[in-house]
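In order of appearance the chains are A, B, C and D, and numbering begins at 1 in each one.
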Amino acid sequence: MSVGIEHYVLLSMGLFCIGLFGILTRRNALMFLMSVELMLNAANINLIAFALYHGDLTGQVFALFVMALAAAEVAVGLGIILVLYRNFRDVDVTVPTTMRW
Amino acid sequence: MEGVFSYAPAIAAFPLVAFVIALAFGKYMPKKGAFAGIFATLGSLVLSVLMLVAVASGEVYHETLYEWAIGETPSGIGGIEFTFGILIDPLSALMLVIVSLIAFLVHVFSLGYMNAEGETGLPRYYAGLGLFTFSMLAFVFADNLLMAFMFFELVGLCSFLLIGFWFRTRSAPSAAKKAFLVTRFGDYFFLIGVVAIAATFGTLQFAGDGSFVAAAEAAMDGTGEAWTPAGIGIESWVTVTGLLVLGGVIGKSAQFPLHTWLPDAMEGPTTVSALIHAATMVAAGVYLVARMFGYYALSPTALAIIAFVGGFTALFAATMGVVKDDIKQVLAYSTISQYGYMMLGLGVGGYVAGVFHLMNHAFFKALLFLGAGSVIVIMHHEQDMWKMGGLKDKAPVTYYTFLAGALALAGIIPFSGFWSKDEILFDAMIVGLEEPVILAAYVMGLLAVFFTGFYTFRMVFLTFHGEPRSETAEDPHPVGWSIKAPLIVLGVLALVAGIANLAPVAKLTGLDITFLQGWLDGEYGAVEGLTYGAYSDLLAYETGVIGSEQLTVLLAAGLSLLLAFSGAGLAWKLYNVPEPVAHKERLGSVRETIEANYYQDEYQVWLAEGLTLPFARAADRFDQTVIDGLVDGVSTGSRSAGSRMRRLQTGIVTNYAALLVAGFIALLVVLGFLGGWFL
Amino acid sequence: MAVFDLPGWTGLAPALILAATALVLFVVDSISPRSTNRAVLAGISVTGALASLAVAVWFIAAGVGQSGLEGLGVIELFDGGAEFAGGSQFVVDQMALYFMIIVAVVTALVSVASYDYMDGHTYQAEYYSLMILAATGMSLMAAANSLVTIFIALELASLPSYALVAILKDNRGSVEASLKYFLIGALSSAIMVYGISLIYGATGSLQLDAIASELAAADADDYAYDGILGLGILMLIGGFAFKTASVPFHFWAPEAYEGAPAPISAFLSSASKAAGFVIAFRVFTTAFPLEVTAGLIGIDWTWAFIILAIVTMTVGNFAAATQDTVKRMLAYSSIGHAGYALIGLAGLTVDGGELVMGAAMMHLLVYGFMNTGAFLFVALAEYWGVGRTFEDYNGLATQAPVACFALGIFMFSLAGIPPLGGFWSKYFLFTGAIGVGSTAMLVVAAALVVNSALSLYYYSRLVKAVWIEDPLVDRDALTQPTGLYAAIVFAAVMTVVLLPAFGPVSETAIEAAAAVI
Amino acid sequence: MMIEALIAVALVGALVTFLAPNRIAGKLAFAISLVPAALSLWMFSAFDGAGNALLEGDLAFESQVEWLQLSEYSISWFVGLDGISLPLVVLTTILTTLAIVSSWTPIDERESQFYGLLLFIEANLIGVFAALDFFVWFIFWEAVLIPMYLLIGIWGGPRRKYAAIKFFVYTNVASLLMFGAFIALVFALPEVTTFALPDVATAMLNGGPEAMFGVAGTTLASIVFVAMFIGFAVKVPIVPFHTWLPDAHVEAPTPASVLLAGVLLKMGTYALLRFNFTMFPDQVEAYAVPIAAIAVISVIYGALLALAQTDLKRIVAYSSVSSMGYVILGLIAYTQFGVGGATFQMVSHGLISGLMFMAVGVIYNATHTRMVTDMSGMADRMPVAVGILVAGAFGYMGLPLMSGFAAEYFIFFGSFGADFPYAPIFTALAMFGIVLVAGYLLFAMQRAVFGPYNLETDYEVSTAPLHDIAPMFVLLGLIIALGVAPDLIFEMITDAVDPILDGGEL
């Protein structure tokens, strides 16, 4: 059988939802970060698949950009998580609630 | 004589100047500004006499001097001009003389009554007198209804200022407030009347073809057009407007039911009472009726009501007068009653009679009040008649002049009061023979004569006769010329003023000695349409006689004289004894009612403080709670909503993510359904 | 005009200058890593910002982006040559320059203020260079004309912002703020990228004009991708909503603004918000023309913005009404103003709507002054160390009348009370909303009325605190830091001057809006 | 350029005073405020306008400059005066000067800011009455809020913060409503491309709006009329939108009350006249009865509320509500004397209420209480002040030969014969106010200033200084002058009013 575009889309959507689920449930900052990565990669799958489907390369090129930016994001994120740990002695994202309402 | 009229404005201007001077420089002047007032009123008097002479020589003066405002009548009957103007005809000339004379005498009297007694705040007093005189004089020669209303109101202001002269007491300010409020209530109707008449006829002139009287006549016989609201017939509309104006009259002239302010007004200095009762404020009302008599003559209904109110008030007030112990109170009720007579007279079409009594009353009432003032000085400001007695020998001048006034008031022949009162009753009687309502009014007026005679002489006997009933009465305080002179002048007038119009004599003998009637009928000169004759033509009254006219005259005169004498006699019987005692208990159950003045004050005070005030408080509470509560409620509501909205921000980032996604999905669902993506 | 002679890429000069400035700052820092010379660092960044500003103003004055005889037309960049029909990745037109100006102005103000505020802090160089980098990103967002460049520029603006919020490393508030900012930001960007991918799938293109032409070419009757396209658009909106701090993507804003150093709060709430709006404006006017898109996805996307506008301004203002700390109140109020500006997109119609969108652009400019000024006053207060709550601000006017006078100007201008610049933009938004003439926009206008009434309440509350109330505690005399004062006074003066001198602003804004619609 | 000069002097003066040291601020502000006063009086004497500013009348001191271009709509700086606005401008300048003098005694802290705000408010008030472009007018209209908010909030009484914020928000919401309504109207008017009031008025009088928001043009016009009426009713204020007024008045310092009652309330009635009653003749006719009813209710209800008060300032405040009811009655009469009288009443009430608040303030300076229940026989200690208070009170009661009587008489006469339904009845009902006003004022006098002297103070109450008394004498003089010679302004007012009644046809 041939793998149609819709399969890719379904896959990416699944991946996206998994990432989203992780974000909503995981309290560990690193897990949070990983879930975001999942969502981004879901987008990448889409882009590449559609690039194939439409037969032009911009999608694939953009996917590369996204990866790069994802990396940068992670870098900044890890830095923030570092100072977070230094200030709160924890990487649980639900701990810091000094500011609310 | 023509030129003299150009000085007419000065008649009113003099007292105005005196007012300014007294107010500004009074405290630096000798006698605290009294002389400014005296000279001013003297000047007015002289000028007024000149006017009188000029009118007598056949000229009249009707001039618009100043344009106040002009514009279009809303009712769309052309333009209208609100102006200040002077109308000097027999009536106003006569009234000018009376007012300025009384004012002059009161000023002189004040020297003895106020200055000599070392009152404080005299500049204020003399300024008030000046303003009072100014307002009244301007009111008298006003040539249109609006101007009349304006000065009518100013008169009210002055009464407020002067009645409340002793403002450091509790009672005086209250009395002043009451006087202004009650008369204001009357003026409320008056003002509606003014506005209505202006809107109806597009003019407020008293005299001439442009007058609202002429316009009303024209409208009634269909030759002229006038606006009436909602298509009311012009006849009934004239009646309505006339009665509205009458509201002001009833207020100022202290007719039932708006008479309650007047007795309280005795809180003012006696001189002020004299001025108010004799010549200015109270007289203004009746004078206004006489001034626009032509208009009332067009409406029998209005006239009948005037007559009935007058007759009723005459009796009503007289009965209250008989039980008073304060000499000024007695005089106060006599004033109400006497003005009732004038209203009666005018109401029955006795224009001359009404004016005649207005004049006479001015003299003898001023006399009586000044006399009372003199008594009060003598008694060291004691006003209770039961503490007096036996002053006859100690103050002869006061006594005899006062007696003259009393005789005039009681209507004893040949004193002036008799002639005018008799004429009023005669006119009332002959009309009453045809009109039952008028007859009732006449009967009441007639009964009042008895009570008048009674309370008048009760007052005289209690004050002057018998034995002194207090140590102050033992050694009275002497009075100076400034008190005696005015008394003498007025005493003479009270005696002889009747000569002006000896109508009964004329009717019996056929002599032409009804000078006043001729005067008012324009024999010497008058403004077209403002004459007794013209009014009589308008009148719709039938008159009847009993037997012959002479008989009727004699009958009327005899009847009133009889009653007057019997009243006086009863008083003589009861009180002209060395040690008089009160006989009130004989009145039995009626007594409380009368002493309480038929509870007139009670219900009026209740209306003000028992009804209006609580209602106002309720309105205030409603305002604070409901209306303002709504406003504040909105703000508090939105703030609590805000503090609820804050709680969205729980501070836990996972919740944020959840809410974010939820919100996003909600948006997706809404738009998705609208866009039909899920199909 | 001289612009003719320059090569095309110089059209991006305002952004490039900022980028260069950032590099210079790096160099300076690497020359002397230890010593931090505040004057030099601040000076460089201010110079860079002002230079960028000057160039942008010059371009706009020279007529870049204006059609017609004297106009120089739009500058298209990186359109890949003739054989590649993609169209340009960047476009420099009036709207781009307009928003570059806003960004540059805010950057300049914030840099000046930071001179005093950052006194004694470490990482000065990093601070400035990060800020300038973020500014570069925002400036690029203004010109980005393809979903790719938009995403890159947006990330270029976001990543430094995360770090800037966290710059006070030992301050728990700062760290917490940056964490939340980052997490929500990451989530939103993920959503946005996914949206982009879906749009790419639906249209097969990432360049805005190309997308538009694809959609125009598509057959509206049986369009298979309506769901994908709609979802993509919605996710894209999510990305913008995050940048502009609109509901429901606003949750980061209150904490981020409250926790971040006040100048950074000013920077984010003014410049970053404006940048977010410019891409929203551009994408939705260029890539998704109303009637075409509506025909395909079966609904006007303005509905999304109408809902967002109402909800956003309501949430922002109501939550702001009862705040206790001044900075948080301002944070919420800035959410409310995002709601106001959203009217600019909500009010778009098939035939025009340049008035309402222009009004939104005007509002963002004026907002750049008054809101920046307000946050800088908070910076001043933090510099003085008077405290955070309204009560702590009581009676400041007696000690610092000038600054408090300026604060009064900012507050009343934010409330839209004349005679201040805020009046024009707010009431033009109101006017535009009504002028659209649709009932839905009438509802938006009504919401605007309710909210501005409420905003009046809490803005005047701050004025009351500083001008009317008496101090709770007696403070010792307050210093007058030059930089902060200069920035605040300048912002105040501009806020006032913008009332009489509003003509150029309104004309440029409306022309720019008309050009893209 | 005269109007610009007026405004500029006031604005610059405000800034100068704001920066001046406290001790000279009062005198300085007074000196500065003399310039606008003199200028406006000169303008009054040199007035050469005719007709109504909105209806092709020739304006005096007109000037128009293009300001903003809003897509196809243009906004221009457009000011000018006609017979209606000029008297109000003069009233503003004179009252400001007097208010400044009258604040020398009571204001003893942050003087420079206080006087600066007074001058600032004067500038805006002049602008309100002179502006002829909607946006210009609205800018001044709204700008008045800030100084008044601060005046009440900083120098006010105990509950000043509540009163200030209430005034601020309440009136601003009303303005927003009115603004929206008017904008909708302008957009609905065919071929109107400016916000200049004359253009809008002309367009309204020939044709009116087209359909918008899916409602017909006439319906839209009615909606706009009602919305704007409500918007202005808050400012006037008319029952039931009046509750901010007593709070604001009671808490405000005397000079602020003088300006608030003297001029700010007139902004509302002036706007009603300029907008509702000039641009919507049909709606005026259609809504005559309800509006007349509201007017009567305002008169009677306001008077009743005044009757229930014991705070002198509150009494005067509520009596203002009552007096504004007369203005509405005169406007709805839609006759020469009615509308002219209403305008006359704006000026007259401005003078009289200003006088009353000053007198109350002077007494308050000495007694530090305004409760009629706390004091008695004040006439004994401060005869002159009390004398003026009494004079002002009688002016309020509409005593003839004072401006109040002229105004009320014009209104009553104008509305009694007017041709809206039941006009005579409404008029007669409203006229009962002259009895009630006498009631509550005399009642308060009797309790507060007459009777035996009694006041618990630990100091000797002395007579007021000259600079407290002098302004009141000026006002009293003006009141009497206008009462004796109403034509001083009534002529120019009617000249400007007539075109309105003719529906613009001249």
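Please note the rule applied: contacts are C-beta pairs under 8 Å (C-beta built on N, C-alpha and C of every residue); 3 or more make two chains touch, one makes a residue touch a chain.
Here's who's who by UniProt: A = NADH-ubiquinone oxidoreductase chain 4L; B = Proton-translocating NADH-quinone oxidoreductase subunit L; C = NAD(P)H-quinone oxidoreductase subunit 2; D = Proton-translocating NADH-quinone oxidoreductase subunit M.
Everything quoted here is computed from the prediction, not taken from an experiment.
**Student:** Of all the chains, which has the CA centre nearest the overall CA centre?
**Tutor:** Most central by this criterion: D.
**Student:** Would you say A-B or B-D is joined by more C-beta pairs in contact?
**Tutor:** B-D
**Student:** Taking the mean of the C-alpha atoms as each chain's centre, how many Å separate subunit B from subunit D?
**Tutor:** 37
**Student:** Distance-wise, how many Å sit between the C-alpha centres of subunit A and subunit D, to the nearest whole number?
**Tutor:** Their C-alpha centroids are separated by 65 Å.
**Student:** Using mean CA coordinates as chain centres, what's the subunit A-subunit B distance in Å?
**Tutor:** 98
**Student:** If you average the Cα atoms of subunit B and of subunit C to get two centres, how far apart are those centres in Å?
**Tutor:** 78
**Student:** Can you pull out the residues of subunit B that are in contact with at least two other chains?
**Tutor:** If we look for residues of subunit B contacting two or more partner chains, we find 635, 646, 649, 651, 653, 657.
**Student:** So which bits of subunit C are touching at least two other chains?
**Tutor:** Residues 179-180, 183, 187, 191, 254-255, 457 of subunit C each touch two or more of the other chains.
**Student:** Going by the touch rule set out above, which residues of subunit D reach two or more other chains?
**Tutor:** Correct list: 169.
**Student:** Touching pairs of chains, which are they?
**Tutor:** Applying the touch criterion to every chain pair yields A-B, A-C, B-C, B-D, C-D.
**Student:** Along subunit C, where are the residues that touch subunit D in the complex?
**Tutor:** Within the complex, subunit C contacts subunit D at residues 354-355, 358, 412, 417-419, 423-424, 427-428, 430-431, 434-435, 437-439, 442, 445, 449, 452-453, 456-457, 460-461, 463-464, 467-468, 499, 502-503, 506-507, 510, 514.
**Student:** In their complex, what parts of subunit A are in touch with subunit B?
**Tutor:** Touch list, subunit A to subunit B: 20, 23-24, 27, 93-94, 96-101.
**Student:** Applying the document's contact rule, which stretches of subunit B touch subunit C when the two form their complex?
**Tutor:** 635, 638-639, 641-643, 645-646, 648-649, 651, 653, 656-657, 659-660, 662-664, 667-668, 670-672, 674-678
**Student:** Spell out the residues on subunit B that touch subunit A in their complex, using ranges where they run on.
**Tutor:** Within the complex, subunit B touches subunit A at residues 646-647, 649-654, 657-658, 661.
**Student:** Give the list of subunit D residues in touch with subunit B in this complex.
**Tutor:** Listed in rising order, the residues of subunit D that touch subunit B are 166, 169-170, 240, 243-244, 301, 304-305, 307-309, 333, 335-338, 340, 377, 379-380, 394, 397, 399-401, 405-406, 409-410, 412-419, 423-424, 427-428, 431-432, 434-435, 438-439, 442-443, 445-446, 450-453, 485-487, 490, 494.
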